[in-house]
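Some notes on the structure that comes next.
Naming follows writing order (A, B, C and D), and every chain is counted from residue 1.
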Amino acid sequence: MSSVDVQPPVSEARTSPGFVALFRIEMLLALRKRADIANPLLFFVTVLALLPLGVGPEPDLLAKMAPGMIWVMALLATMLSQESLFRGDFEDGTLEQLTLLPQPLYFAVLAKSLVHWVATGLPLALLSPLLALMLNLPVEGYLCLFISLFLGTASLSLIGAIGAALTVALRRPGLLLALIVMPLYVPVLIFGTGAVQAAIDGYAYSAQLAILAALLAAAAALAPLAAAGAIRISLDN
Amino acid sequence: MEFQFSSFADFLAMDGHGIFVWISYAVTFAALAAMALYPRLARRRLQRELQHQQRISQRRQKVKAARQAVKEPA
Amino acid sequence: MAWQWFHRLGSPRWFYQKTNVWLPWLALASVVLLSVGTVWGLGFAPEDAKQGNSYRIIFIHVPAAFLALAGYYIMAISGAIGLIWKMKLSFAVMRAAAPIGAVLTFISLFTGAVWGKPTWGTYWVWDARITSMLILLFLYIGVMALSQAVSREQVADKASALLALVGTVNIPIIYKSVDWWFTLHQPATIRLTESSSIDPSMFYPLLTMIIGFYCMYAWTLLTHTRALLLRREVRTQWAQQELAGGK
Amino acid sequence: MSVTSKSPVVLQVRDLACERDGRRLFEGLDFSLPSGAAIQVKGANGAGKTTLLRTLIGSSSDFSGEILWRGNPFPEALRGMRESLLYIGHRGGVRAGLTPLENLTWYGADNESALQALDRVDLFGFEHSLCHSLSAGQNRRVALARMFLPQAPRLWVLDEPLTALDVAGVAALEKQMSAHMDKGGSILLTSHQPLALPGLDFIDLSDFVVDESFTDIGGEHVFS
């Protein structure tokens, strides 16, 4: 037998999926699991429809509560759907394969968080004018509500990924994930509702939106790193 | 710097605010005391566990030794 | 440093023996300082012009609030040391610091609420400081809940260390946003901690209490860490001798 | 195909010790995996076979000793190693929401070679049906199909590859493994079932196990 090197050497660098490929596949998966997209939206709409039943239909009372309620419900809807971010991949072993890719895990987590945002946060933002109408939110607030939700839910998805990664290997992560992530959501909630409130009262709200954008930038840079570290730790369980 | 209150009763009452002050101090020092005692309890529990385990392993050795003795003479 | 599990610097046995010496002195210092500070603050410090005697709660509320925050950073830093250098000792310090910090946060919340009654007429007020303290309590509870939920001890340590680190990045942001939120909704009222003037007669008892609380914190942290180390190292000879021979 | 002594060493382990839950699983482990060779890791359940594999692919860092990929140590060499690593663990790594073809393209294969590989694990006709509609055996074969891709990575690390395979499947896998070794690839695997693979070496972890007496795991203190 001739020496080993005569045969064509086995291919060196395997072509593993880059960020765009990962994003496309995750998007494909998200679209196939229609329920995972619809659930948070249905939750968002039904709970907000319950509000007038609970609080009473007086228009001015609802108008006062609308920004806060819409934002809190958006936060809860995002958090509810956060749990399934890594769980499916953990159970079928693809999460482990993601950690073995040559390029950093950061990109895979970023791709998954963005897909989660496109599947839950974005539809919430697009739907928010309808909810604002139902809760008699003054018209000046509509645009600001959309922009604040658009930016805010992206940060929520990114920050929530840390909680999802920390609890991916646990049997019943639901409550613990909420407990871990809730304090981290506070700044986004405060500036999100603050912006809409300022828009309603006629003040300038660009400062609050700027802070929301800054929070998003920080979350996009740091949260996937923490989530990647958390995944490697949880997989060792 | 001298004692601010005329009598001990006055010190307790602190003209109306005493109840709040004393509750706060009581709860605070109770919590601190609980934290101080906890390691002692944990240590005692651990000692009991250890002795329990040692007794079990001794008994297991005795049983093994007995079985050994039964096999040898054959 | 080679990426491998080198002989750990702070081996648990060395820590246990070294702290044997410090503990009694720390205990003595905290008892003396706390008793002197309490008697001084309750009995000898002058009444506050506006708030009357209820301000005497400051002597335990402020030190507890300081330590609640400092305790979180101590927990996160020892967690980070554990993550980077894989030191069992620093993970034990982190696990011990979590409940202590939570209790101190609860103390500062409780004393703040009780203090609010005479000052504002209700027990719970969404004052900026108290709200931030509440969120800090949730952060502590999150770390403790996570470390209980994970079955394998090593993984639980690393996961809660990482969560503590994420928490430290967020604490300044949370405090700033709560402050901004508080000034937005609340017209200027008496801020809880700034009593009218910190003249020497109030400052020195407060300083004594703060130092006393720090000594107490150090003593409690060390004793909790030692108890945890004994449990974690129960299979080693030195731990068993310690347990057998211990008082 | 004989492994000549001069063939390049792909993966080398020196004096490796692994710890899990405070217990030392094994220590003093030395071996080297040349290209074109295969090593099966034997050992009782819980002796640390899976822990060893996870340590060698860099998924766990609680170890002492040295791991060298083509001469340079972890973690610097980790990225290089992962560019030529194919790892199949207990969980197959097959996405239920994707079709077998999409699963393989996800691992970086082009359509044509993916179809070829699926055919060789006789999944012809199932390429486009979603994996959650396939049986467990078929899903297992989709996971193993990655080994049948023409440009498969150089180092294969397989944890119990033969589980849930029928006799024909095992034979096909053994044939593919020896073909991979002929092409200069190397394999590290664990398996409960016997494997008919020419030139297969063995390592028995029980030769390196620490006896479970009350050792001072805390280690001597450094400062006197």
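Convention: a contact is a pair of C-beta atoms (placed from the backbone, for glycine too) under 8 Å apart; a residue touches a chain by one contact, two chains touch by 3 or more.
Worth saying up front: this structure is predicted, and the values here are computed from it rather than measured.
A.B. asks: Going by C-alpha centroids, which chain is farthest from chain C? Tell me that one.
C.D. replies: D
A.B. asks: Once you find the CA centre of chain A and the CA centre of chain C, what distance in Å lies between them?
C.D. replies: That pair's centroid distance is 32 Å.
A.B. asks: Distance-wise, how many Å sit between the C-alpha centres of chain C and chain D, to the nearest whole number?
C.D. replies: Here the centre of chain D sits 46 Å away from the centre of chain C.
A.B. asks: Can you work out the whole-Å distance between the CA centroids of chain A and chain D?
C.D. replies: 35
A.B. asks: Between chain B and chain C, tell me the centre distance in angstrom, where each centre is the average of that chain's C-alpha atoms.
C.D. replies: The answer is 20 Å.
A.B. asks: Would you mind listing the residues of chain A that make contact with two or more other chains?
C.D. replies: 236
A.B. asks: Provide the list of chain C residues touching at least two other chains, using ranges where the numbers run on.
C.D. replies: If we look for residues of chain C contacting two or more partner chains, we find 152, 154, 240.
A.B. asks: Can you work out from the touch definition every pair of chains that touches here?
C.D. replies: Chains touch in the following pairs: A-C, A-D, B-C, C-D.
A.B. asks: Give the list of chain C residues in touch with chain A in this complex.
C.D. replies: 135, 138-139, 141-142, 145-146, 149-152, 154-155, 158-159, 162-163, 165-167, 169-170, 173-174, 176-178, 180-181, 184
A.B. asks: What does chain C use to touch chain D in their complex?
C.D. replies: Per the touch definition, chain C meets chain D at residues 2-9, 11-14, 17, 86, 88, 152-154, 232-233, 235-240.
A.B. asks: Could you list, by residue number, the parts of chain D that touch chain A in their complex?
C.D. replies: 1-4, 6-7, 35-36, 54, 57-60, 79, 82-87, 89-98, 102, 106-108, 130, 143, 151-154, 180, 182-185
A.B. asks: Show me the residue ranges of chain D that touch chain C in the complex, using the header's touch definition.
C.D. replies: Residue list for chain D touching chain C: 19-22, 61-66, 73-75, 214-223.
A.B. asks: Which stretch or stretches of chain A touch chain D in the complex?
C.D. replies: Touch residues, chain A against chain D: 1, 3-5, 7-17, 21, 25, 28-29, 32-33, 88-89, 91-94, 96-97, 99-102, 232, 235-236.
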